[in-house]
Amino acid sequence: MAGSILGEIFRVSTWGESHGAGLGVVVDGCPAGISLCEEDIQDYLDRRKPGETKYATPRREGDKVTIMSGVFEGMTTGTPISMMVLNTSQKSKDYSEIAGFYRPGHADYTFDAKYGFRDYRGGGRSSGRETIGRVAAGAIAAKILEQMGIHIVTYVKQIGPCVCRDGHMRPENIEKSPLRMPDLERSVEAEDYLAEKMKEHDSVGGMIECVVCGMPAGVGEPVFGKLDALLAGNIFSIGAVKGVEIGAGFSVASKSGSENNDEFYMAADGSVKKKTNFAGGILGGISDGDDIVIRVAVKPTPSIFRTQKTVNKQGEEIAVQIKGRHDPVIMPRAVVVVEAMAALTIVDRMFVGMSSRMDKIQEFYGF
Amino acid sequence: MAGSILGEIFRVSTWGESHGAGLGVVVDGCPAGISLCEEDIQDYLDRRKPGETKYATPRREGDKVTIMSGVFEGMTTGTPISMMVLNTSQKSKDYSEIAGFYRPGHADYTFDAKYGFRDYRGGGRSSGRETIGRVAAGAIAAKILEQMGIHIVTYVKQIGPCVCRDGHMRPENIEKSPLRMPDLERSVEAEDYLAEKMKEHDSVGGMIECVVCGMPAGVGEPVFGKLDALLAGNIFSIGAVKGVEIGAGFSVASKSGSENNDEFYMAADGSVKKKTNFAGGILGGISDGDDIVIRVAVKPTPSIFRTQKTVNKQGEEIAVQIKGRHDPVIMPRAVVVVEAMAALTIVDRMFVGMSSRMDKIQEFYGF
Amino acid sequence: MAGSILGEIFRVSTWGESHGAGLGVVVDGCPAGISLCEEDIQDYLDRRKPGETKYATPRREGDKVTIMSGVFEGMTTGTPISMMVLNTSQKSKDYSEIAGFYRPGHADYTFDAKYGFRDYRGGGRSSGRETIGRVAAGAIAAKILEQMGIHIVTYVKQIGPCVCRDGHMRPENIEKSPLRMPDLERSVEAEDYLAEKMKEHDSVGGMIECVVCGMPAGVGEPVFGKLDALLAGNIFSIGAVKGVEIGAGFSVASKSGSENNDEFYMAADGSVKKKTNFAGGILGGISDGDDIVIRVAVKPTPSIFRTQKTVNKQGEEIAVQIKGRHDPVIMPRAVVVVEAMAALTIVDRMFVGMSSRMDKIQEFYGF
Amino acid sequence: MAGSILGEIFRVSTWGESHGAGLGVVVDGCPAGISLCEEDIQDYLDRRKPGETKYATPRREGDKVTIMSGVFEGMTTGTPISMMVLNTSQKSKDYSEIAGFYRPGHADYTFDAKYGFRDYRGGGRSSGRETIGRVAAGAIAAKILEQMGIHIVTYVKQIGPCVCRDGHMRPENIEKSPLRMPDLERSVEAEDYLAEKMKEHDSVGGMIECVVCGMPAGVGEPVFGKLDALLAGNIFSIGAVKGVEIGAGFSVASKSGSENNDEFYMAADGSVKKKTNFAGGILGGISDGDDIVIRVAVKPTPSIFRTQKTVNKQGEEIAVQIKGRHDPVIMPRAVVVVEAMAALTIVDRMFVGMSSRMDKIQEFYGF
């Protein structure tokens, strides 16, 4: 299976299944000279762990990360950084029942169609645990961005009918909300909504918003290497994502040009700024110096505890009830995954873009 | 500028500016043995030409394509196919006025921020004419798909407040509508809406829908090589696109799992099918054999003939009025560009996927 | 540091330093359905282990490989295969002395020049132990090739003045010779030569020959994707390699066309064959069905136990004597590394080449 | 056919057959701000043209290059640079005779084996004319290197038994010799040798040497991205090349470590230098600041005017005599092709390497 390597210069190669020996990632193309320790990665990874709350699977995943290479005396050396999380609490017997049939909304059928068979334990490679590699690599990317003054804020903007209101969201509220919704009033309503759905053995969908602050203008390449195109595609590669929009997004369909154009003006510091940000911080595929605003639609967890109709490998129509441990809502845990993909994309583009101008190249190499 | 090459096996390398000598594309990785002539490409390219209608720029672009290599005695040879369209009717003087300032909603400012200067004539590389290379390559990809029973239907689903209704769209209506809207009632309404906006010297946004019919199950790779992720990212690379969704798309945010899961059943022909298609034909990044349904938000043309505020290269705030020839609506012309990007993406994935199973590889190589 | 990922479809991502926690590789793009176990990898890896003989470093490297992912119930699943060898016997104190100066013939100076500092323990990433990842991945590639009837034979052809004679080399002798030289008479002479050099605290260079048997015709792409170009480049990436030639190699410089052309004839089985094989099994970058013959020049181990002049990080000229454990000859251990790189290259090319012809693609996808 | 795209950041995509409409190349990833005109390219291309001498084919190839995009007001804009040479003097009838059989030493058979058929006119894509795209792109790469103080000198070192002597080669002699041999005494002898072979309707092989002067230390990545590996592989992709060596090359096979190690010393300017250069300017895959020295074995032109035995497409053994116009020696024309491939490789590596160190990245982006 091709498909587990991402990036052109800052490249990550992820591996692992939900019920194999472990999961991990190799980061190739990380610059030398970054102070890095396992705690940096662990802090990031812990944000995707099922929390203490009732909305996450009760299983206790240790998910302790180990850095296997690429760091010497606390600094990245420029060599590949291999990181690994061993699977400790996965019980294969939980899942053996699903070997023979195709769970609705899952990748069971398509894996079989493609490969002829599959590792049926807990979704195997299509499990949400696959994101461990993304997040571990994203922790490094985020650290690189921080050193360049770029900071990413990501949160749950919508769960079912509950949508955070502009003007009522506070970054400091994100971690105060068990659902990572920065409008705490809406967060409470969403908790009620979720509680109801859980009682019905159902799950809920939602929307995540990701804001990249502090971007310099000029990052991204035209045509196929557009920053928005790569952000959208890479974030779309997260399981359960069904839509991505940037800036005004789908609302542009009902807007006119005079409504949607962002006028430029001169900021006090002498820089060019936009009065509005319908563009979402990217024009022609290149960052314009404004915040990059991305919204991501996440489908409700397909694992629900109701009886569902489906078929099995023998081609028989059956009714099934999925057991096991599943989150009725994945958005709060997916927040850091979206953030990681955004960070990975931006870092790669910043590295690719370093050879865009001859004058800067000469300066770099001392000519 | 990196960024003008797309694909892993079926690779396209596009070039050209709106007011340079011409535009074109090199397709590397096209199989040998496909019957191909310039007319195949021209038919496809003509779909992006400004038409006879009042909604497209009045200029007459010849846009005659020439195949420069890779075809011998009417068949592709497996060598790179170079295709070219010479610019014949571009008048640089039309655009010289915009050299000194940054048009709102355009890439003028970001190109300057990235490269230090830009080819200011008609948008240069960020012009809509850049899509000529995409469409010429897409014509070949579409032909390859047709030979495998895969057909793509693309149309304008929404312009401003006018949205085509499910059940009222007919594929045969697409070319009957001057706006390529397959719900002809809505098309007439959209014409009125557009006429009004044109009177106000304004432009309109909209939404394009693309349906891929006849896909076999099993195309796409898990993780970063997901078919939906690549479709979304590649289509997002078209200028003016601000959002992409697949299947139920953003509507999943307010759905529950029991509403959104597609149940499997056995079709009369013995194949596994889904009762609904909220997944949009892709599960876990791999095609499930159902139609792939993609929706694309397109922003209103930023070139409007109203006075707008902006800044110039000297850092002065100014008011400008853009002249020249610009489409008040680009969706009808963008339809074939979306289709081309979908075709390019799927062909590339189908080629990449040929080495997914050892039994099939052995069969292929005769062992 | 970019540079640790190889391949287009069958892609390997290696990691690890000689004195870090371990070394490993992730193989992405391995087909599903190959029977694979750790013993398959271990057998291959053991060929690069220092042997029982006096010509290898006396340290005992366990080098036990673990498969961490991608194999389920004894079969590859198509997901990334992560393999790992933990470092168990590396003693960092052995090497701390070299932190401050630049060993002649080693990469110490260039790593410092590039990265500003380096993991100085035993060469870090430039150590011969880096090849563990290559060989583990190569074991899988070799297994794939075996299933397609392709077999690779690799051996030491030359050590110092001792060159194996055509007509005196037997494949079954390779493992009988402590130096892996298939001409046993020359092997004995080489042992004497080596013994002498060891007494002088010196090391020896040599040449490795690699023969790929059973190749089908038609593998490789023209221009930059030529099979010989990729074999040469990928084998050249092994540390200590200073030259690669294919077929007649450098001897063509003094030949005429009439001497060097291989005439075609019809074999009894109806296939096209060449009377001679000066081409080395590749014409125009594409395999011609004959054996592929590659020769590789390997420089003498730069770690010698004599006093050498060099400089330190402070810019002082000094005299140094390297301690520690080093092989006076690396060719016997490098044999399997060359073989691994050949296997990786050919497998990747065979996978890339599956979409070369439209008729074969249609057959593959059932149209 | 995949395989016609090279590079990671500075990427070239070549196209064209010997007897199609033309040949060309698209350069994607060229920095903005380089002064560039068609004459820059033409001067480079003219070095691969058959000259006035008796050793090149008598046909007069105009080979006038046109820049189609990517240059505006005499400067590169950062957009793809498309360059094209139209075929003007190719006569297809010259070659139609070879459609039905396989010329010894050519790629006719392997193209048929791979693609099922081929463009038989003059070798099609496997013709020496394919190098036009490489050389046109190489001209830009060479210009970039010149602006960073890096200069490449390439010449014919050997033709048949005539080998230029160290100490007798002068760069200024290269263009004085009709064979581009910088040891003029050997050049005269080679002319005699060649004259004799031409009388016998035969062709000659030889060796090219390429020296890259002014390299900074620190260019190249470890493991698979080694500068020597990429130089070797990319130069090996030139048709007729059968071997590549760097520095001491194949002579290392008979050397000891004490003979082959280059001792470091401090130069008067405070830089670290090597007393000798057996390494050929690269240690551990990274440039060491010394000259890079590459030698390339080129096989004798397979097109000779003697009767040769071969087979035809019908599987019959036949005797053939090739007609048409062919160079009895290609080394003098191939010199610039080797140089172009070296330049393309080094530029790409210099761009990739700009993100190797965090301190330099921060400086670049102003943090």
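In order of appearance the chains are A, B, C and D, and numbering begins at 1 in each one.
To be clear about the criterion, a contact is a pair of C-beta atoms (placed from the backbone, for glycine too) under 8 Å apart; a residue touches a chain by one contact, two chains touch by 3 or more.
Here the structure is a predicted model, which means the values were calculated and not measured.
Visitor: Touching subunit A and subunit B alike: which chains?
Guide: C, D
Visitor: Which chain pair shares more contacting C-beta pairs: B-D, or C-D?
Guide: Pair with more contacting C-beta pairs, B-D versus C-D: C-D.
Visitor: Which one of the chains is farthest from subunit A, going by Cα centres?
Guide: Using the mean of the C-alpha atoms as each chain's centre, the farthest one from subunit A is D.
Visitor: In whole angstrom, what separates the CA-based centres of subunit B and subunit D?
Guide: Chain centroid spacing, subunit B to subunit D, equals 38 Å.
Visitor: Could you work out how far the Cα centre of subunit A sits from that of subunit D, in whole Å?
Guide: It comes to 45 Å between the two C-alpha centres.
Visitor: Could you state the distance in Å from the CA-based centre of subunit C to that of subunit D?
Guide: Centre-to-centre distance between subunit C and subunit D: 26 Å.
Visitor: Subunit A: which residues touch two or more other chains?
Guide: Residues 1-5, 8-9, 14, 29, 32-33, 78-79, 114-116, 125, 222, 352, 355-357, 359.
Visitor: Quick one: which bits of subunit C touch subunit D in the complex? Just the residue numbers, please.
Guide: 1-6, 8, 14, 102, 104-107, 109-111, 113-116, 125-126, 130, 158-161, 197, 200, 202-207, 217-226, 228-230, 232-234, 236-237, 239, 242-266, 270, 272, 278-280, 282-289, 297-304, 306, 308-311, 315-317, 352-353, 355-357, 359
Visitor: Help me check something: in the complex, which residues belonging to subunit D touch subunit B?
Guide: My answer: residues 1-5, 9, 11, 13-17, 20-24, 26, 28-30, 32-33, 66-70, 72, 75, 77-82, 84, 114-119, 121, 124-125.
Visitor: What residues of subunit A sit close enough to touch subunit D in their complex?
Guide: 8-10, 29, 31-34, 76, 78-79, 144, 147-149, 216, 222, 350-352, 354-362, 364-367
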